[in-house]
Amino acid sequence: MSYFVTVGVFTAITIIGVLGTFILTGLTGLFSLGQAAFMGLGAYVSALLVVTFHVPFPLAVVLAVLFALGVGYFIGYTTLKIRQDFFALATFGFGEAVRAVMNESVKWTGGAMGFAGVPQLTTPWLAAAALIAAVWLVRNVRYSKFGRDCLAIRTDELAAEVMGINAFDHKLKVFLLGAGLSAFAGALSAFFTTYVEPAMFGWTQSAVWIIMVFFGGRDSLTGAIFGATTLSALPEVLRFASQWRVAIYCLIILLIINFRPAGLFGRWELSFKGLSRRRPPGAGAGKGRRKAVAEKGGADADA
Amino acid sequence: MEGTSTFSFVVQQMVNGISLGAVYALIAVGFALVFNVLKFSNFSHGGVIGISAYVGFLGALHLHLPLLPTLLLGTLAGGVVASVVEFLAFRSIRKKRGQLVYFFVTSVTMLMLLEQVLVIFFGASFFTYPQLIRTTSFTVGGVSISILYILMMVCAAVAFAVLAWALRYTKVGIAIRAASNDLTTTNLMGVNVDFIVLATFFVSGLLAGLSGVLLGMAYTLYPQIGQLVVKGFIASVLGGLGSLTGAAMGALALGIVEVFLITVMGAGLSPAVIFVLMVVFLLVRPQGFAGVSFKEKA
Amino acid sequence: MPEMERAPLLEVKGLCKRFGGVHAVDDFNAVVNRNHLVGIIGPNGAGKTTILNLLSGVYPGNSGQIVFQGQDVAGKRSHQIGRQGMTRTFQNIRLFGDMSVLDNVKIAYSWQAKYGMLQAMLGLRGVSQTEREVEGRALHWLERVGLAEHRADMAGSLPYGLQRRVELARALAGEPKLLLLDEPAAGLNPAEVQEFIALVSGLFSELDLSIILIEHRMEVVMRLCHWIYVQDFGRTIGQGTPEQIRRDPVVIKAYLGEEFE
Amino acid sequence: MRKSLALFLVVAMLVPVMALTAGCSGGSKEILIGNIQDLTGPNKAFGVAMTNAAQMYIEKLNAAGGIGGKQLRMISYDTKSDVNEAINAYNRLIDQDKVLAVLGPPIANMGIALAPISVTKKVPIIGLFMDEKATTDAKTGQPFTYMFLAQNSAGTQARIMASYAINELKLKKFAVLYNQQNAYSVSLAEPFIAYVTAHGGTVVDKETFLTADKDYKTQLTKIKKAQPEAIYMPTYPQEIPLSLQQAYELGIKATILGDNSYIPFATASNTDPKAAEGVYFPYGVDPADAKLQQFATDYKAKWGIAAIAQSYSGWDAFGALADAIKRAYAANKKVTPDMVAAEMNKTKDYAGYQGALTISPDTHRPVGLPMVILQIKGGKPTTLTQYKEPTQ
């Protein structure tokens, strides 16, 4: 496998994780500092199932995601009712708790020494297929009523509630979606790197995902994917002095937030005519957009 | 025979818990101060702690400053750095009435940036302060008390007393308190909001600087030292965001709980238990120990 | 009239709300019949907005009953009340500024759209069909308030007067039986106020709808409402038809003052 | 506006591709050795030490004509204390740079992570990752064909310390304090406990802490109550001054036993000099050895920083590797990664700074390599004796 492919797979896995953060933090405005912990759950559970219990790989991945969803339901149900800051704190605490359990259960996880010898079953093709599937799923959610509800809750939760949206219920669903995607990414990553250790899943990893989303634009799926790609693959390939790299990223983020808060992409979405019949509603104000709606209105009238 | 009785063991652990709580309190109060006014969790506080810890270190190492000037230097550095952070990173978001997420992302980014500045200038390995205090601890009835922790508690007490006084009796302090009730109203009162916010960051930075130097002296100096801010974060939420006394109380409670958990069940799983306690606590008492619950107005 | 024979749409009994020691609403009683337009007036701090917040479940009251379409909704959450057919606007416009005008209105249909998260993720056929329906219905309301041409604009970028109308369209799209309007004419210029009055009375006559209106401008209330409650310091100090209110000495003394002398 | 944005995107996406294609190089005129180290991040000091030492070795070798007329060149990648980066770097070294062998990191979990990958990549890694899981496949008990350790394993180091404490210092009651989140710490603590309990000693208290913790007084108070005769504290450099100082402040009088990173960290400037006094610890090289002095002087002159333990053992690791390449070349007139691996197995009595390095073909780890036991006396590490892992 060439180095380029390796980087590509890592990037694909990162994007899948970032997609969850895109929905959760970008669209809904909930900051979870525990997303990486879900990634860890996905990685450890799937690796354990395959290596220790000889469960077939696809089933193990499904079970790992279901496990993360179960944990996510419990965490979401208890913490999403409380205020936003508390939610950030609670997810932070959750992440630390998960890492503590991973470190403590040495018998199963290998503790700090990590869990090595996971077979390499994530092929580049699998990673590519997983990426496409994840992007497609998230895109569908983004441009359904759920995507709208996310934005509404982010902008004004009270007004959304008054319009009949059960904000708690919605947040829980979005949180589960994010947890599931993270766990999925985790499982793929465990079976690609062949090694997992608790230190990989700290809160800074979750923060990095949030940064990637804001880099590209929190309202734009294309932007989130671009952010994840640029910030994870580019430095890998260019390999310039890493201590400057992080500093430069941070500066870029600060500049973006201060001068272009909507992110590099704003609301702009890449769309392929024919491939996507549904256009992002409200994408880009201006004449072109208005015309598009008019055309579409016409088409609806015909149908 | 260095054996200890159960009594002195318990007392020693209480002392350990309170000492730890005092460290957390120094962080938590500065953290809570910014939250009070701007209503966001300011993680860049940790970055300020880190920078000032190194500034104090440079002063002590190269200028051969004794204890008090070192503390003063670090404290001032913290105030200055925090002001710069406010001016560069938060001001324009505030002016644009940016949403909470932006403040949050900025503050986390700022923490990473300041950490990275330290990595660039000092490398990632660690340093230690020169020894600024000669004696390190004394023993009372089998219980050992570290001089440095005494110093921390004294510093915390003095800092909190000065802070309480300033918030009550100085013009700026009163304005900060008014701003913590409602920033826009403060503007209506004719007080310059920009100045108040800057002042809040400055004061919070002073506390960060003080805690930075003390942490650097007590522990080793490494770029990520500021990540201890998460302890302040936990403490201030437990105490009830929006209340300085609450933050201090939360910090003390956190220190004691951590020591208790380590004593009873070891350090390994204590983060998990703390998480469960935290969630239960937030569900049962979302306003924290002393905080006021915020309710959105329609 | 056949409407009068049926039970009232909304009946509020003994509603109380205290903030700290202050009685923001003290023993509020009201009846809103079907197809009625009821006004609540009173000086600032009289507790008018609090009443709307209690009705729409923004916060729970301390005591009292809110019987809406035969059910006590006191203590229910906002979204439950919204789904039962009571929607509202806000004094200080609460639009979703980052979203297009059309999407703002579509939000009202979110709870009615018959597809779940999984169906949405998989992009099943029903989803796009439902979405088309929703778009059609949302557009209908935009047209009704005269904003169809602004459908693609960001709600936050519209002028104030138009934002009020978007909010009205959004509330109407919830297809309410009872619409709560919190100072809907605040901040409008005189011409816009006239347009607004025409719009509301037009909507009212077309739709099977009752309205509770809070308003500062007497002109608006007097021209639109069938029945008026006058609040002062959380208490109801008078009620009646616009004509009766105009003549009520207590009301004149407490509130209307010189304006009508 | 939108067009320019799209253009920008396309360019941004293309840059990595172009950078990649430009990166391909390497003829057969030189022998390429990969080097995976933490060149930044908290463990930078170790990675830099190994890289510097290896660089010095290469320069010496190249000046003498290289191997079989070919010059050696080292390609270093920074792992930034991140295991994924180490895996990436290893893959890149093999797939893109086509290196013959890799000098590995002195970081346990990186070794553990790389071991199963080396099975498929088939390029040997010679490193200082002390954990035995990096060289022995836990499932089969067989050595990983391409993994080699050039210093004593964590197990050996821990057993040397334990054996010295029991047999020479006549200590029986031990307590252990270590960082549960750190692979290095854990891989020393566990064999120590195992050895002590198997050889007539007892562990009266085992305490752990987490990387984020900076205050170990609670754990130390518990240890004090358990009244051990000695406390084994295998911790990472930045934790050493903390644990020593805090134990001292609590008035703990028990003998403190350390690990091979206690030089120079046990005598940090903010710890009370008395806190480190009397501490015993094992070390890979004898600081008093005259041979070392010359190297230390050269090293300091070339790099401007002092040599540390990993400079010496890094030199040994690279030296053993270079010798294996030489032997392979002499025997076959060409050299492949497999030949290097085969020759590494035959490493016998390589005269390194750590002593005579012999790699066991059964474990791919050194056998009979002694360590030096040091004690801090008067604020300075003082050599007490050479000590070998006791034969069980």
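In order of appearance the chains are A, B, C and D, and numbering begins at 1 in each one.
Following the convention adopted for this analysis, a residue touches a chain if its C-beta (ideal position, glycine included) is under 8 Å from a C-beta of that chain, and two chains touch if they have at least 3 such contacts.
From a predicted model like this one, the values you see are computed outputs, not experimental measurements.
S.K.: Which one of the chains is farthest from subunit C, going by Cα centres?
M.R.: Between subunit C and every other chain, the largest centroid distance is to D.
S.K.: Give me the ID of the chain with the smallest distance between its Cα centroid and the all-protein Cα centroid.
M.R.: Taking the mean of C-alpha atoms per chain, the most central one is A.
S.K.: Quick one: report the Å distance separating subunit C from subunit D, using the average Cα coordinate of each chain.
M.R.: 71
S.K.: Please tell me the distance, in whole Å, between the geometric centres of subunit A and subunit C computed from their C-alpha atoms.
M.R.: Those two chain centres are 38 Å apart.
S.K.: Round to the nearest whole Å and give the separation of the Cα centres of subunit B and subunit C.
M.R.: 46
S.K.: Distance between subunit A and subunit D based on Cα centroids, please, to the nearest Å.
M.R.: Here subunit A and subunit D have centroids separated by 36 Å.
S.K.: Subunit A: which residues touch two or more other chains?
M.R.: 99-100, 103-104, 154, 158, 243
S.K.: Taking each residue of subunit C in turn, which ones touch at least two of the other chains?
M.R.: Within subunit C, the residues that touch at least two other chains are 58, 90, 94.
S.K.: For subunit D, jot down the residues that touch at least 2 other chains.
M.R.: Residues 40, 180, 210 of subunit D touch two or more partner chains.
S.K.: Please give the residue numbers of subunit A that touch subunit D in the complex, ascending.
M.R.: 1-4, 6-7, 10, 99-100, 103-104, 106, 111-114, 116-118, 120, 193-195, 197-200, 226, 229-230, 233-234, 236-239, 241-243, 265, 268, 284
S.K.: Which bits of subunit B are touching subunit A when the two form their complex?
M.R.: Per the stated touch rule, the residues are 35, 40-41, 88-89, 92-93, 96, 98-102, 104-106, 108-110, 112-113, 116-117, 119-120, 124, 230, 233-234, 237, 241, 268-272, 274-276, 278-279, 282-283, 286, 294, 296, 298.
S.K.: List the residues on subunit C that touch subunit A in their complex, please.
M.R.: 56-58, 77-79, 81-83, 87-88, 90, 94-100, 102-103, 106-113, 115, 117, 120-123, 127-128, 131-132, 134-136, 139, 149, 151-154, 157, 170, 174
S.K.: For a test of understanding, state which residues of subunit D touch subunit A in their complex under the given definition.
M.R.: Residues 2, 5, 9, 12-13, 15-17, 19-20, 40, 77-78, 80, 83-84, 87-88, 91-92, 95-96, 108-109, 112-113, 115-117, 120, 131, 133, 137-139, 179-183, 185-187, 210.
S.K.: Considering the complex alone, what residue numbers of subunit A touch subunit C?
M.R.: Against subunit C, subunit A makes touches at 136-137, 140-141, 144-146, 148-149, 151-152, 154-156, 158-167, 173, 177, 219, 277-278, 281-282, 285, 289-290, 293, 297, 300, 303.
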